[in-house]
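Labels run A, B, C, D, E and F following the written order; every chain starts at residue 1.
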Amino acid sequence: MKVGVLKETKERERRVALSPDVARSLVKKEFDVLIESGAGEQSGFSDEEYTSAGAVVSTRSDVCNADVILKVEAPTVEEANLMRNEAISISFLYAYTRPELLSVFNERRISSFAMDAIPRISRAQKMDALSSQSNLAGYKTVIMGAHALGKIFPLMMTAAGTITPAKVLIFGAGVAGLQAIATAKRLGAMVEVTDVRPETKEQVESLGGRFLVVEGAEGVKTEGGYAREVSAEFLAKQKQLIEDRIKEADIVITTALVIGKKSPVLVTEEMVKTMKPGSVIVDMAVESGGNCALSELDKTVVKHGVTIIGESNLPSTLPVNASQLYATNISALLLHLATRDGFKWEMEEEITRGCLITHKGELVHEFTKSILSK
Amino acid sequence: MNILILTAYLIASVLFIIGIKMLGRIKTARKGNMWSAVGMLIAILATVIQIEAISWIDIFICIIIGSAIGLIIAYKVHMTKVPEMVALFNGFGGLASLGVALADFWLNTQERSIITDNITNISVALSILIGGVTFTGSVVAFLKLNGSITGRAIVFKGQHLINLVLLIVAIGVTVFALLNVSNPAHMVILSILALILGILVVIPIGGADMPVVISLLNSYSGMAACATGFVLGNQVLIVAGALVGASGLILTQIMSKAMNRSLANILMGGFGQTTGSAEQTGASDIVVKEVGVEEAAQIFDTVSSLIIVPGYGMAVAQAQHVVRELGEICEKKGVNVRYAIHPVAGRMPGHMNVLLAEANVPYDKLYEMDAINDDFANTDLVFVVGANDVVNPAAKTNPGSPIYGMPVLNVEKAQTVIVCKRSMRAGYAGIENELFGADNCLMLFGDAKQVITKLVGELKEL
Amino acid sequence: MTGESFIILMYVLVLASYLGFELINKVPPTLHTPLMSGSNAISGITIVGAIISGNVAGYASLSKWLGMIALILATINVVGGYAVTDRMLKMFKKKK
Amino acid sequence: MKVGVLKETKERERRVALSPDVARSLVKKEFDVLIESGAGEQSGFSDEEYTSAGAVVSTRSDVCNADVILKVEAPTVEEANLMRNEAISISFLYAYTRPELLSVFNERRISSFAMDAIPRISRAQKMDALSSQSNLAGYKTVIMGAHALGKIFPLMMTAAGTITPAKVLIFGAGVAGLQAIATAKRLGAMVEVTDVRPETKEQVESLGGRFLVVEGAEGVKTEGGYAREVSAEFLAKQKQLIEDRIKEADIVITTALVIGKKSPVLVTEEMVKTMKPGSVIVDMAVESGGNCALSELDKTVVKHGVTIIGESNLPSTLPVNASQLYATNISALLLHLATRDGFKWEMEEEITRGCLITHKGELVHEFTKSILSK
Amino acid sequence: MNILILTAYLIASVLFIIGIKMLGRIKTARKGNMWSAVGMLIAILATVIQIEAISWIDIFICIIIGSAIGLIIAYKVHMTKVPEMVALFNGFGGLASLGVALADFWLNTQERSIITDNITNISVALSILIGGVTFTGSVVAFLKLNGSITGRAIVFKGQHLINLVLLIVAIGVTVFALLNVSNPAHMVILSILALILGILVVIPIGGADMPVVISLLNSYSGMAACATGFVLGNQVLIVAGALVGASGLILTQIMSKAMNRSLANILMGGFGQTTGSAEQTGASDIVVKEVGVEEAAQIFDTVSSLIIVPGYGMAVAQAQHVVRELGEICEKKGVNVRYAIHPVAGRMPGHMNVLLAEANVPYDKLYEMDAINDDFANTDLVFVVGANDVVNPAAKTNPGSPIYGMPVLNVEKAQTVIVCKRSMRAGYAGIENELFGADNCLMLFGDAKQVITKLVGELKEL
Amino acid sequence: MTGESFIILMYVLVLASYLGFELINKVPPTLHTPLMSGSNAISGITIVGAIISGNVAGYASLSKWLGMIALILATINVVGGYAVTDRMLKMFKKKK
């Protein structure tokens, strides 16, 4: 079976879907691996490394002709049109945001798997690219914040006076949020965290963060580890609490995503106005609308004296590690779905069912259907 | 009696003391057993040289027969059957005490027609009573463990009442015997009563509690020997018997505590089912073996390789600093200490790495799962600190489990596993973990930070 | 037995018992069975009594036979006890 | 006595010589404090804060008319010409690099004190701006490096594979170097350090770094805590060792300054070529010529696949803390030298002697004289 | 002897055992002492009822006199003088044993002309020897502690030889005494020899080692009582004496270990000077008081406020984790624990902050110098961990010092200061620190990590 | 004293000594002095011997005088010992 890896074309995307190491392991399992020339360059992987790993470095059109096309970002409509009929595409998709792409897939009977739709069950952890990439993103938010802030993080008692530690306020203790806590704590900041899921309190504390408890409010529904629905009462009380704490913060990091929806606005313009001049907001949710009302996609702006960073593709700023991890994820999925002789198409199996979006000309993914039909 | 013989007995007594003391610590246990055997040899030799020539052959024949049987059983028996063998040996000891007391009594009252004094008579009665109970009790224990009779608790109504009545009757008979020393029937009746009592007392106790019962009966056989010592006015019997009686009681106490049962509870019978640790285990019906901090420390002290497996519980307890300390102490003792980091231990990728780095555990001691998973089989001890799902063998063995297919650490392959967590509650995946019930697994319950702090304290003293 | 010599024996009993309590305090679970077995062997000290009881002339007396049976049983207890304890403990050798 | 604080004019300079807090303490001691409008803006201090601290916000020319002029950077020749005759100037000077300024000072009989020349004796620690600023710079080098690197610092064992920790190689364990070690260690990197002064080994290890020992070579002269002269043999052996270690490094931070001289070139172009693509060099010595042969002043360049950061004014990227500390330092010096009634001119006192550069129309500083006369 | 009396003695013996056991734990110590006193009362009563009416008055007078003196001393003596009082009481006990043995011997051989057997005679000789040494030894110890004679070790050449010769002579005399029982002179000579030996043995031991010596003499007085028990054939004396003898030896061992000295070392004499740590102190001529880990732990255990002052030495030793642990333990004991961070402690700005943050010391426990400098005066204990220049009072008092004018922490204002460092070497500034010689300053020498690890261990046990 | 009763006393001695060793293992330094003092009071058990020695008729005999002196000394040891130990231990009530 031929596995093709395309070079990413999206702006600011520096990752690649397979690393030489992982390519080598696929070659060992007797897959034919084709890689577009220069695909790994931005991640520090040269064509030679791929060649010596047993992959074949080819042109874009050759790669598109493979049985399976691996990518990080969703293929563009053009890329989809370059693929063979009945080819198989694996990548991040966020299918509910790309109805046209899905129709191309269906026209051409391309089967597509979405890395972002892998169910979060124990045995799928190795394939969980959302986790692996959010984790890196969480780290990077803190580094970016520290870089932009005109202060240092740790407490320091020196001959020239005492520098008080920076205060970091983090919204959302998912994978990225937790890693952000860990990183900020490491650098010596005081970290406060808010989340809608009560079970995150223990997790936050296990990393040395302080959890801001929204008292006397309930109403968070979670499903498969994701926050789905939050009651209005909770949000109101949370907002009150935040208004109080955000005035003190030097850095605010927002990671609150609600899957398949526009992200909730947690930091309003009023709140930004109350913040100290020179403080920094890093909005991880900027791509799905932003948790901060003032953040702008892929821009760093200064508003009301506050620096607001809206980098949408944080993992891509750590391309070496991000590609490594993504490659492991995607190859684990591939090996789960297929042998070198072809795909197994076990349609009732949980992981397959969870991440198969289009198949035989049809949109088969329930969740995507439900959103697109709205 | 010759002063030399008495001195020999004194030496034997001291050797028994030393022996028991040494038997309580892993490093010295074997030597302790040897010393106590030397003591026994000295005591036997000192006794043998006293006997009259006329009995030499009889006595030697008996000793040879006994030794042969003893050795054959001891070396033939399968290692897993040791507990029942101990029970059987113990029963023999009890019966021997009964026999000696009865023989001495018979000799004096019937054959020599001496009117023995009351102290002696009471001692005889105690010997018979305790020896008899020990014998049949041990035999029942043996049969239960052996599977010859059901290991389940055999309970019937009025059981305790019957036992009480029997005991009162036995005391009555003893009183009669004292009043009427020349009539040997009383002592014979007492013997029979004792034998029945032994059966009735052990029958209602379940198979799982048998080790505790055997330990208790062992203590009894010591007391019987002690009583026999009073019968014969022999100090070495008194010392040895008293030692075994007292240390046996303590051991019984320790064992029942380790099983989380009160001794009274066990003796009242009807328990000892495999549901023993029900309340501990929450809804789980896995039977676990608990270990105390002190005992755990001793185990740590004997191993030469240790793998520490941290999990989310370590993070919750913020135990990373004490865990590092534990590792350092073990290293100082020459133990090869490594940390096995499961890729999804904790609640975020790299959770364990962050904490262990904070605690200054050097990177080169951390091993990722694939790098260490084959080494568990060659490892003396695995210490699981607040990990659960990541060491759950169900992921490999139970296709119905929600974590089936997730790679896990093969901790169960190690010689011994000690798991530190607060309770039998499940981890993230919400499922039971059969590891905890494994034969080589000991549970060290408590908050990881507190427990390991204590453990470190104990280890420093060893 | 006179009251006085009884009391002295009681001293021995009391001291030995107290010592028995003190000797054992912390025993690792691995040693529970060996310790039980080892102290069981010690309780076979009745062998001394049995030898004395068997030390009677003539096979007619019941006491002699009782003593001899007791002797065999006690010997089994002692010899078997020590041997099996040793077998168990051999397996604990600290591996290096 | 009137104390004037000028707004810094140099490009990239965001600091200010007095913070409102320190201004307040001077006002309490009955100094008249004049501050140029907007001077503190970039450090997050507004004119209002100064006013409420008791300082007078004035125009540039008013401020220049004060008895004492406080600055961070050395005054420009124009600024010096604006000052009163016999005024007193306190700031960083690096006098040996500014002969023209010194002649203006002498023409106008301006007395000048150099913050960079305060002797490093115990009781002068409170005034030691070199330390306070290097300390911040050391922290920031690491944050910059982490920001530019396509990898994360800490070791992470995750479901998608293990990320090995970043390797940081630090040249020079002075104040900045030590803080860089501490910061990199905090973030989880493996840190190796080289220095010419053997006593730094213990210091490096006290922070968890690994010291690269240059075996069998001696010949470092130190004076007052600074490295003055290093033997050629030592440098040769050090170079060998470095060549070996630098191939492994993800981040190289160089902090090796030799006062009054061009900085030694420790990272040659050949070495850069052997480094891994994607790795980062942060050259703290770039202003005095650079420890890396390829670094360019105030630029971030990519050469041979290696990102080389040549930021000359690192403390200025942390203006809030840097100004705080600098203000404490400079006011400590001021209070040491003067009461509100005027300067004491204790010419034999060690600190005065150490940092007084020009006085009564003459260059009085021995070290500066010795360099300039060469 | 009456069986009731014997039983009373047995009960007394058991009470002594319980008493000693309870005396070893802080919580039970007072009760233990009470139980042992009850045992003593029982033993005395059981003895008194045996005496003949004719001696009643004499004996009661003696008891009343003795009690009065005992009580007066016990309640009048100043608490700081307790050790010497114990020595004195102990000496009286030894002398009493000597007296009883001699009296019994005299009564039998001289007044009743009975030829006593050798066992008794040997016992008498032992009683005299041990009792005599105990007496004069204790008196010398008392006088040394009291200051009546110099506390310094009085050493002369051939000391050990003389003692040896004396001992041999004493043994020779004993042999003569055995061969010639009717002549009491030998026993009298033996008494005199014993008294001399006691003086000679203790004289060369320095005042600082006296507590250990007293403990050893206490053990001796137990042995003397035990020997007296053999003289009189009295078990309670044997049991009580043996208990004290054995536990006293162990206690002596423990005490000398706590002082970091071997027992042999102490007994060889010539040590125990206050110059003990001369080699430790390097070139400095500041006279310091050294403190051991155990004593330091005791001090930590009694304070209610503690300020920890870390310095560069903590960084070098990488002791930050144990320091945090120390702080936590003290907090658990209810101590108010704070850290005083000097602005230039360490070798880079914020050095201490980095390390303490790594060890997870909460920020709000750290105080900068200005915030805490006035609080030292109200603080029970300051623990200086590897800091030197930053706590050097010369910066305030000595204008000639290179650090004059540098602000420093006012640690010397605290009630007690304990300084942990490896030696008397100077810090960064290369100057001496007079703090170390201050009256309220104790030096705890050793690598900070190692020493504090031990300290933590000790503290956990208190 | 006969050899036999001597040996029995030896039993008592040996057992009691062993017990003495076992009873004391970890003593916090604060208790060193009180423990020493408390066991010193116990060693005052010679008082029993002294009473017996003083129990002789007639003031002519040296043994009586020796016994009476011994009795006074032993009483001082016992009474003073217990009292001072108690005084010491009273001070350990933990300050809170």
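Simple rule for what comes next: a residue touches a chain if its C-beta (ideal position, glycine included) is under 8 Å from a C-beta of that chain, and two chains touch if they have at least 3 such contacts.
Being a predicted model, the structure only gives us computed values, none of them experimental.
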Legend entry - Chains in simultaneous contact with subunit A and subunit C: B, E
Legend entry - Lowest number of touching-chain links that must be crossed from subunit B to subunit C: 1
Legend entry - Farthest chain (mean CA position) relative to subunit E: A
Inset, instruction - Could you find the chain whose CA centre sits the greatest distance from that of subunit B? - result: D
Inset, instruction - Examine where the copies subunit C and subunit F touch and state whether the two sides share over half of their residue numbers (same) or under half (different). - result: same
Inset, instruction - Would you kindly tell me how far, in whole Å, the mean C-alpha position of subunit B lies from that of subunit A? - result: 56
Inset, instruction - Would you mind pulling out the distance in Å between where the CA atoms of subunit C average out and where those of subunit E do? - result: 42
Inset, instruction - Compute the distance, rounded to whole Å, between the mean C-alpha positions of subunit A and subunit F. - result: 80
Inset, instruction - Report the inter-chain centroid distance for subunit A and subunit E in whole angstrom, where each centroid is the mean of the CA atoms. - result: 67
Inset, instruction - Indicate the residues of subunit F shared as contacts by at least two other chains. - result: 3, 5-6, 8-9, 11-12, 15-16, 18-19, 22-23, 26
Legend entry - Touching two or more other chains - residue numbers and ranges from subunit D: 125-126, 131-132, 135, 154, 156, 158-161, 163, 186, 188, 208
Inset, instruction - Please list all residues of subunit E that touch 2 or more other chains. - result: 13, 17, 235, 239, 318, 343-344, 349-350, 354, 357-358, 360
Legend entry - Every chain pair in contact, whichever chains are involved: A-B, A-D, A-E, B-C, B-D, B-E, B-F, C-E, C-F, D-E, E-F
Legend entry - Footprint of subunit F on subunit B - complex, ascending: 1, 3, 6-7, 10, 13-14, 17, 21, 235, 239, 461
Legend entry - Interface residues, subunit B side, partner subunit D - complex: 341-344, 349-350, 352-354, 357, 360, 363, 366, 368-369
Legend entry - Footprint of subunit E on subunit F - complex, ascending: 1, 3, 5-6, 9, 12-13, 16-21, 23-57, 61-64, 66-92, 95-96
Inset, instruction - Give every residue of subunit C touching subunit F within the complex, in rising order. - result: 5, 8-9, 11-12, 15-16, 18-19, 22-23
Legend entry - Complex interface listing, subunit B residues touching subunit E: 318, 321, 324-325, 358-360, 457, 460-461
